[in-house]
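Okay, so subunit A shows up in both of these, paired with subunit B first and subunit C after.
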Partner chain A sequence: MSRDSVLALQDLCVYFPLKRGAFRRSRQFAYAVDGVTESVGRGEILALVGESGCGKTTVARAVLGLTKPTSGSIMLQGVDMAQAPHKVRQEAGAGVQVVFQDPASSLSPRMTVHDIVAEPARTRGRPDGESLKSKVLELLDTVGLDTQHLWRRPHEFSGGQCQRIAIARALASDPYLVVLDEPTSALDVSVQARILTLLSALRDARGISFLLITHDLAVAQCMADRVAVMYLGRIVEKGPTHAVLSNPLHPYSVALLASVPSPDPTQRSGAAVLGGEVPSPVNPPTGCRFHPRCPQRTDICSHTDVRLREVSDGRSVACHLAPETPVGA
Partner chain B sequence: MKSGGDAVSPSRRIGAGGWGSGNSHDREELLVLHDVRLDFESLRGTVYALNGVSFSLRAREVLSLVGESGCGKSVTALTIMGLLQGPQVRIRGGEILFQGEDLLKKTEHEMVQLRGKSLAMVFQDPQSSLNPVFTIEKQMVAVVRAHTSLSKAAARETVEESLSVVGLPASRSIMTAYPHELSGGMRQRVCMGMALACDAPLLIADEPTTALDVTIQAQMLRLLRRLRDEKRVSQLLITHNMGVAAQASDRVAVMYAGDIVEVGAAEDVLVRGRHPYTNALRACLPTGSTAAHLKTIPGGVPDLLAPPTGCRFHPRCHLALDECATSKPPMLRVGNDHSVACHAVAAGGQEMRRV
Partner chain C sequence: MRLLFSDRLACVGVALIVVVLMVGLLAPYLAPYPEQGRGQSNLTERFEAPNGQHLLGTDNYGRDVLSRIIYGARIPLVMGGAVLIGCLGVGVPLGGVAGYYGGRVDEAIMRVTDVFLAFPSVLLAIALVAFIGPSLKNTAIALIICWWPWYARLVRGITVSTRTRQYVESARVSGVSNLTVVRRHILPATIGPVVVSASLDLGAVIISAAALSFIGLGAQPPTAEWGLMMNEGRPYILDAWWIATFPALAMFVLVLSTNLLGDGLRDALDPRSIR
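Now for the complex of A and B:
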């Protein structure tokens, strides 16, 4: 793990107990995140990709402190968020911000744009009205919003504009890490293109790290430096974006990529479609969690658990069948 | 944009022919929309939602209607189904011919007979289109019995069969289940099974895969293709996803702000698109490896309370001519099965310039 990583997850586990009546203690758990080790460097964009229920949003919530990890550690700028003193944790946590999927429901309908964007700055320091206003105007300018809209409320804006307000709010406390939870999934493609351009410019200009949660591989491809593919609470493959997406090694990554419909009708995919559905995280399959759906499974897959192992520089795969010898980059 | 757009290999053409697009224009037209105009009266004024929509869907064909949110795709579908009613809906003209009969002239009673029997529809959110308090069997049998004179047992058999057609083989256990017990993909299959239970010749699917994961989406696209080939179901597929349109359809119609701007064979529209909006939309798709490659369309989708005059896309169009602001461009045939509504294309010259 590099020393300058702003976020480091070590064997992170989040289990949710299932309710079994008022007095009985729960004996069953949903294994939402089960042993995730990952880090994000300064100015780096890491994409967590996977289908719904794979645990990518739970990882994001744990990083934000919205969900308590069952075990494992989360380090933000070298501060262990489970052990460090309160003041230190507060300081480290304030530099982590989030942009959610649905822009309309993540902005308070009763607040003006000014109040929404000013709130993080207000809670951190006690700036006076004028300097606060100039800071808000500067932020709106950064995200490409008309500064005349300062006193409007969220319902007067389109989805793309609301997402810009949410990004301005996230920038207001000068974060070093921003969690983007499906930032463009609710937007049209032409608006998505603009938001992605804005985010990528922000990374270049301010050196902010992003943890990008997305199910859209095309978005991950054009934004991220590295990707981690998740399946049922575990990372099955990770590495540099280009390497993973152009030459996926894990059968699930292969299937995920083949499932994306190409916008070119002359390229009709004849590839085998993955059968079945994602199993329940309450009773995850034994051995490799992907084996019931895996087209290449062998005997070992169903009974022997598999861990991530490095196959080449910066690339790791959790598959019994992945090449033993390091592959060329 | 991939190279080789013009050099379609012969084998591809044969492949496309296998898909049934070979001489499809000889086939009978199942559904024809001609200059359909529809407004909504709102408190803020009149919303000009459909501005003369015309297209046709041939038998055993899949036509995709693509466009961004608010362009009128779903309104078009709901108008065909006759589901837009109420004092605020104004159908100002046009006709919707289904099997030769104008659906706009039908009474509500006649439409009730057609819906589910001849016109079937599947919605985006399968959770909210199934009734949570009835088992799958109960709701599906009710549909079948409403449209046929089958006995309960015979209807149940029909239901079981249509569930196995949509890829739910363990249909016994599914039939006794309630909707909340099924996954999203299974629910969408149930909705399709219900739509097909009465052998409707036309299936309108409004964003059928948008709420599903990509691997499940791939399964659904395969199913839609099978329905067309084996059950000969014509489909009107509404989607904002160009990938889905490219993979699932024979023909594609592109909508913008209540207008059809381009329609034709999927390859013609999505690979060799002529309308500036079609090409701009394609350029917005993240395909490259950096966000710097992404193109955007200047401006925003127009407010349909006061749509632009002439061509509704002209304020955002880099090819706009003077006449674009004054007159609505007519549909112009530019290929065998390919039409575009654009003055700049009609004027020739730089129309082939890629955005």
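Now for the complex of A and C:
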């Protein structure tokens, strides 16, 4: 873990209790996130990928402070968000912002664009009035909107424009880390590309780090410096984007890549699509969590748990069968 | 607002309510016999049928029914307003706290409302008034006690659904304080439904208050109150029908107009019609 990391997760676990009766304490938990260790460096874009229900959004919510972690630690710029004094935590937390998936519900329908964008800046004690307005205009300009949009409300904008407003809002408090929770999933492909270009430009211009949550490997590929693949609450493989996506080592990553539709019918891979469903996070499988669906499982997979181990420079994989030194790495 | 006034029935409702308010305010100038409106009896002219001198006849004490109805117009809207304001004052904060904080606080507050709602509300109001003594003020208090849980529930429901909206979550991520989040994002979401619900309840509250007066647990004689007047005219309904009928008609018109206003507000504030 580099010392320059703005976000460091150490063995993060988030369990949700189930079936809370009026008088009974719950004994069952959904293991939404189960031991995630990861870090994001300054100006780095880390993509968390995986299918729905794998816990990637829960990681994001924990980082944002919207969900309390069950155990493990979250360090934001070296501040432990579980233990540091309130003031220090507030200061560190204020530099983390979020862009949600659905811009229609992440912007208040009752507020004007000006008020939406100004809200985070106001809580940081910026003066009202003209200086605030010029700051908002500057932010709108950064994301490609202008003065004529200032006093409108979100319902007057298209999805892509709303997402630009959400990005402007996220930038308003001069954040060092922005969590992007499926930032382009609700948008048309052409709009997606423009938003992603905007985000990349912001990273280059301002040195902001991004934690990108997505199920879209194409988005991860064009944005991220590093990728972490999640399955059932755990990271099963991580490493530099290019290495992981061009030469996946974990059978799940292989299957995930194979499931991406190819535009060229002659290039279709013969790889089998995974059978079965994602097991319930309430009763995760013993041993390797992926073994019931794994095409290459052996005896050891079903009874021995497997942890991430480093296989080459910056690449880790959680699989019994992964070679010590990957081919072509 | 513009939408509300484009609805003709709602306009009629608003107009009638304004008329009733004005009549109540100007009662001393409008009533032909202001003294009798305040309760002075006139035993020489008992049970006179509607005629040129007494347009709506006189009652068993010889008082002009029209004057009494005009004076009685002061009570129901004030009563309804006071009860609803009381309900909002108790119900909105409790519902908001329950919905926003959730967990044990929520459980506690909602179980209390369950207890209140499990009771037949009119019976509860009767019991309360009988306990604290009949008067207009006590009627209002009893009705507030019976009615606030509805508002607590309504506000709690809206708060719960608004709190998990992403724009509220991103406000919290931005470090906006709880109080500000509630004020800026959650209360505005509750205003529409609460206003509609209150305006629809206004008629029901007016009727309940009059019902308590009718059974002798509200306004006391010689106050001119429509429910009480109906009760006073009840023994003579066959011989002197006008004593009970005209207050009842006044009541009917007022409650109808509050319901028209409520329906109009509901349509006007429907999110589908504005955004």
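A few remarks follow.
FYI, the second predicted complex is superposed on the first by the 322 of 329 C-alpha atoms of A that agree within 3 Å, B and C clash if a C-alpha of one lies under 4 Å from a C-alpha of the other, contacts with A are read in each partner's own complex, and residues count from 1 in each chain.
Throughout what follows, a residue touches a chain if its C-beta (ideal position, glycine included) is under 8 Å from a C-beta of that chain, and two chains touch if they have at least 3 such contacts.
All of these numbers come straight from a predicted model, not from anything done at the bench.
Taken together through their common subunit A, the two structures put subunit B and subunit C side by side without a clash. In the superposed pair of complexes, A:123 makes contact with subunit C only, with no contact to subunit B.
In the superposition on chain A, A:147 makes contact with neither subunit B nor subunit C. Set against each other, subunit B and subunit C differ in how many residues of subunit A they touch, and the higher count belongs to B. In the superposition on chain A, A:102 contacts subunit C only, with no contact to subunit B.
Of the two partner chains placed by superposition, only subunit C is touched by A:64; subunit B is not.
After overlaying the two complexes on the shared chain, residue contacts for A:274 are found with subunit B alone; subunit C is out of touch.
After the chain A superposition, the centres of subunit B and subunit C are separated by 80° when viewed from the C-alpha centre of subunit A, nearest 10. Of the two partner chains placed by the overlay, only subunit B lies in contact with A:215; subunit C stays clear of it. After superposing the two complexes on chain A, the closest approach between C-alpha atoms of subunit B and subunit C comes to 12 Å. Against subunit A, in their complex, subunit B makes its touches with residues 2, 8, 12, 15, 68-69, 183, 185-186, 213-219, 221-222, 240-249, 266-267, 270-271, 280-282, 284-297, 300-301.
Of all residues in subunit C, only 107, 165-177, 180, 185, 188-189, 275 touch subunit A in the complex they form. Those residues of subunit A whose C-beta lies close enough to touch subunit C in the complex are 22, 64-66, 90, 93-94, 96-98, 100, 102, 105-110, 116, 119-120, 123-124, 155, 166, 169-170, 173. Across the complex, subunit B is touched by residues 51-52, 158, 160, 188-190, 192-194, 196-197, 199-200, 215-219, 221-223, 241-242, 255-256, 258-269, 273-275, 277-278 of subunit A.
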